[in-house]
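Okay, so chain A shows up in both of these, paired with chain B first and chain C after.
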Partner chain A sequence: MTVKLAQHNRRDIASALKKGMFTLTLGPFKHLVSGTSAPLLDYLYDTYRDYDVALKPTDVSEIILNLKAPNILRRFIRPQVSPDPGFEVPTIPLPLKMAPLAFEMGMNLSVALKCCRFVTVHAGVVANEQGAIIMSAASGSGKSTLSAALADQGYRLFSDEFALIDLEDAMLHPYPRPISLKQDSIAVVRDIVGADRISAPLSGTPKGDIAYCRVSEHDLLQAHKKAAAKLILFPRYEAGVSPMARKLNPAEAVMKLIPASTNYSLLGEPAFRAVLKLVRQAKAYELSYGTTEQSLQLIADIQASGAGR
Partner chain B sequence: MAAGPLKETFHWKSDASLWLSEEFDDTFLVFFRPSGETHFLNFLSFGVLSKCSEQPHSKEKLASALRDLFDLSETELPESLIATVIEQLDETGLLTPVVQS
Partner chain C sequence: MKLTVLRCIVGESELPQDVMEAISVINYADSNHILGQMAHCCNQPSMIGVQDVFNNAKLRAKHDHTMLLFEMDRVSRALQGSGVKAVILKGGAYVARGFKASMGRRVSDLDILVASQDLARTENLLKAANWVPDEQTDNAYDQQYYRDHMHELPPLRHKTRGTVIDVHHSLLPRTARYRVNVDKMLETAVPISDHELWTFQPLDIFAHSAVHAFFDGQLDVPARTLVELKLLYDDLSEDEKAFLGKRAKEIGADKAVAMALWVIGNVFGDAKASAQARWLMHPSRNIMLKRALISKTVNGRFSIFAKGFLYLRGHYLRMPIHLLFPHLLRKAIRWRPASSAPPQLPTP
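And then the complex of A and B:
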């Protein structure tokens, strides 16, 4: 039986994590997680408090993630933790206090490299009644901040990391994990959503300062509802730049989505067909902006012009 | 892809069963099944591909057929441009050479 994580006894969660029996159900995936560190437990207990979890393995799990020390020495001396998603992948061992980062990195690696039921694209996704907005950009381009800002405006958060595109009908599947915030975006998003939604920052990580924004309970309750894409955006944050939107030919949009996908080449023809369906139903734009307000205004202008409705 | 340098005597063909295409405003996306790659083609390169899927063509024949198709002059569509497109499509595997005896 799955109940919200916060309704479980903390000691039971620790025990389930230790035995590899902690099952997190989210969107289209069931995740079986194991680990023993106190920072991981603290993080899950706070940031994942509203997620459905079971303290026993389900019959079918798609993602199996073990957070463990890279070697026996690092269990005891200056302890470290590494994500092990069950397949060979290069990871950097992190100090134990950074277990939340190791956990989120491990989850991302699992979805990016193992998931073949969807075309996975590195992108933030939000949706409202009219449809979904995909924001595909490299790390540091502001897609997480933009995802958080749009979610604060009433959009449902699907993900700040992955667009999961259905191979059959190109619908987008929600996968709302905590929004990953780096450096300056931590303060920006804290101002937007409030400090109580932001985890304690981790300093000195390989990605600089990092914090996570908790997903709203409302978005988690809606995490089973798919949406069709209405806008595909390629945002680019650059301090001081004049805000600008450029409409893209759908073929250009496809050629920009392909390198952002982690499994397009692996899936081949079904992925090509799904991405074609996606771009046929949505308008695509490149956005350049220097502030979050500018990006929100650009999106509002595009929507007001009739695109993306 | 041609093994060795391209020769004037080559004719070029394309097996249309090996690719899927979709047009968007005079541009074309072509998915090539053997490589799993997706290519972005303009109207000219897709014209070359289409013509070569009908029957093998020499560079000269292609240039002439495409000038007729797009209503272009020899200056606007020189053979050298067709040669460049052929070379690029040959690189992708979408075109293959046929040596005419």
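And then the complex of A and C:
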């Protein structure tokens, strides 16, 4: 039976995780997770409290993640954890307290490298009644901050990490996992959404300081509603730069989306057709900005100019 | 894991009805790199989600095959008109021949075999077509080591596409304890339509797979090896099967083929294969190898000993101690962690 994680007994969750029967349902995926560490349990209990969870799988899931010690020594001596998505992939073992990071990284790896039902593009996505905004950018470009800020303005968070593009109709599927925040963005987003929704920061990770922003209950309730893209943005944060939006033609947009996809070359032609369909129904812009306010203003301007229809 | 899981993977028994059991079978197949094969062999699983998992695996293999066929085309072009008879080995051969064993099989590198007198010429032609020594082995020691002792050239990597090709002149290292008559196998090689390339005849493809499994290395992916032998055997015609033992003796692969037939008879319950295995080798032979093979495959309680045995055996067969020991020592000293750089993948 699927109920919210917070409604389960903590001991039952721990036992399901240990036995590899913990099933998290979100958007189009079911995730089967196993792991034993207390930091993982604490993190799930806090940040994933509103997610649908079953303690026994009812069917087979595509996404499988096992958080385990990289070797038997590391289970006891200066314990480490490393994500095992069931196939060989180079991962970095992390100290046990960083289990939340290992969990999120492992989940991302699984989705990025396993799933072939969608074109997966590395991007943040938010949506409102008019449609979805895709923000595709490399790490550190302010995409997560922007997603959180837009979510605060009334958009629903679709995904912080992946745009899942349907191969048939190029519709976007929601996949609202927690927003990953790095370094300075932790404080920025804390100011926007409130301290209650930010997880305990992990310092000294390979990616610097990291914290996760919990997705609102409201967004999770809508995590089954697809949306069509209306805007595709390629944001670039650079301190001190004067804000600028440059309109991209469809060909440019396609050529920028392809390298951001984790499975484009694997899927081949169907992926090309889906991305083309996506780009044709939306407007694409490249944004440069120095503050979150500037980026929000740029987006508001684009929408007001009627481009976002 | 029980050995019967392999029968399920090749589609000879149903996927378990219990979800947790089904998941463990799928995980086993995935971690042993045979999920794609399973996806093709299992017919119409009714459990929700299985089809998605299978489709993912099929797509991945299909992508590999596309890349491989393209690479074959490039190799064929590089060698065109040279008169070099290049035989595609292993996965490439299964794909080229459309064998059942190729369905869903992941393939990464291309392996080819040429007669030893053509080796230097082949290397030059490939280099002229932009294949360069792979960075990892592009040092004086490795280059010399491969050329002196191995059955293949140091791996070549294509400059722009990054794909790897291994050029063999034999099926086992020069220093190996067993010899296979490659010349005889080359004689009966069969051309591939559309390419100026060849594969061995089906019997020899099976024999090579057996030799590779039991006389080269330490059975790194035992489940995949066993499933592959079974699927290759299924693809042989009745006439070919009848001739298999004789051919194996001709080319000096009878011990390996006997082991392979024992596996097909014992693990997959094929009585005919069992009988053939008995004809080639007394059932009491190779008991240790058989036990270790099963133990490593099911990853049972004593599999650590099985792995140790297979490791030692693999190295013992590969080269004499006076060559092996200095080599392993050198490799151990030069050892570096596989990945010090973080993977280039989307991460939070």
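Throughout what follows, the second predicted complex is superposed on the first by the 309 of 309 C-alpha atoms of A that agree within 3 Å, B and C clash if a C-alpha of one lies under 4 Å from a C-alpha of the other, contacts with A are read in each partner's own complex, and residues count from 1 in each chain.
Keep in mind that, in the parts below, contacts are C-beta pairs under 8 Å (C-beta built on N, C-alpha and C of every residue); 3 or more make two chains touch, one makes a residue touch a chain.
For clarity, every value in this text was computed on a predicted model and none was experimentally measured.
A.B. asks: Answer with clash or fit: chain B and chain C placed together on chain A by superposition.
C.D. replies: Here chain B and chain C can both sit on chain A without a clash.
A.B. asks: Going by the contact rule set out at the top, does A:Pro250 touch chain B (first), chain C (second), both, or neither?
C.D. replies: first
A.B. asks: Output check: A:Met105 vs chain B and chain C. Expected answer is one of first, second, both, neither. What do you get?
C.D. replies: Only chain C; A:Met105 stays clear of chain B.
A.B. asks: Return, as a multiple of 10 degrees, the angle whose vertex is the Cα centre of chain A and whose sides reach the Cα centres of chain B and chain C.
C.D. replies: Between the chain B and chain C centres, as viewed from chain A, the angle is 60 degrees.
A.B. asks: Where does A:Ile258 make contact in the superposed view: on chain B (first), on chain C (second), on both, or on neither?
C.D. replies: In the superposition, A:Ile258 contacts chain B only.
A.B. asks: Which partner does A:Val60 reach: the first (chain B), the second (chain C), both, or neither?
C.D. replies: Only chain C; A:Val60 stays clear of chain B.
A.B. asks: If you stack the two complexes on chain A, which partner ends up touching A:Glu269: first (chain B), second (chain C), both, or neither?
C.D. replies: After superposition on chain A, A:Glu269 lies in contact with chain B alone.
A.B. asks: Identify the partner contact of A:Arg236: answer first if only chain B is touched, second if only chain C is, both if each is, neither if none is.
C.D. replies: Neither partner.
A.B. asks: Check the residue A:Arg117 against both partner chains and state whether it touches chain B (first), chain C (second), both, or neither.
C.D. replies: A:Arg117 contacts chain C only, not chain B.
A.B. asks: Does chain A have more residues touched by chain B or by chain C?
C.D. replies: C
A.B. asks: Once superposed, minimum distance in angstrom between C-alpha atoms of chain B and those of chain C?
C.D. replies: It comes out at 7 Å between the closest C-alpha atoms.
A.B. asks: Please write out, lowest number first, the residues of chain A touched by both chain B and chain C across the two complexes.
C.D. replies: 265, 268
A.B. asks: Which stretch or stretches of chain C touch chain A in the complex?
C.D. replies: On the chain C side, the touching residues are 19-20, 22-23, 26-27, 30-31, 47-50, 52-53, 55-56, 59-60, 63, 66, 338-339, 342-343, 345-348.
A.B. asks: So in the complex, the part of chain A that touches chain C is made up of which residues?
C.D. replies: The contact residues of chain A facing chain C are 21, 30, 32, 56-62, 64, 86-87, 89-92, 101, 104-105, 108-109, 112-117, 122, 139, 160-162, 180, 206-207, 210, 212, 262, 265-268.
A.B. asks: Provide the residue numbers of chain B that touch chain A in the complex, in ascending order.
C.D. replies: 20, 22, 24-25, 27-29, 31, 33, 36-38, 40
A.B. asks: Sort out for me which residues of chain A touch chain B in the complex.
C.D. replies: 249-252, 254-255, 258, 265, 268-269, 272-273, 276, 279
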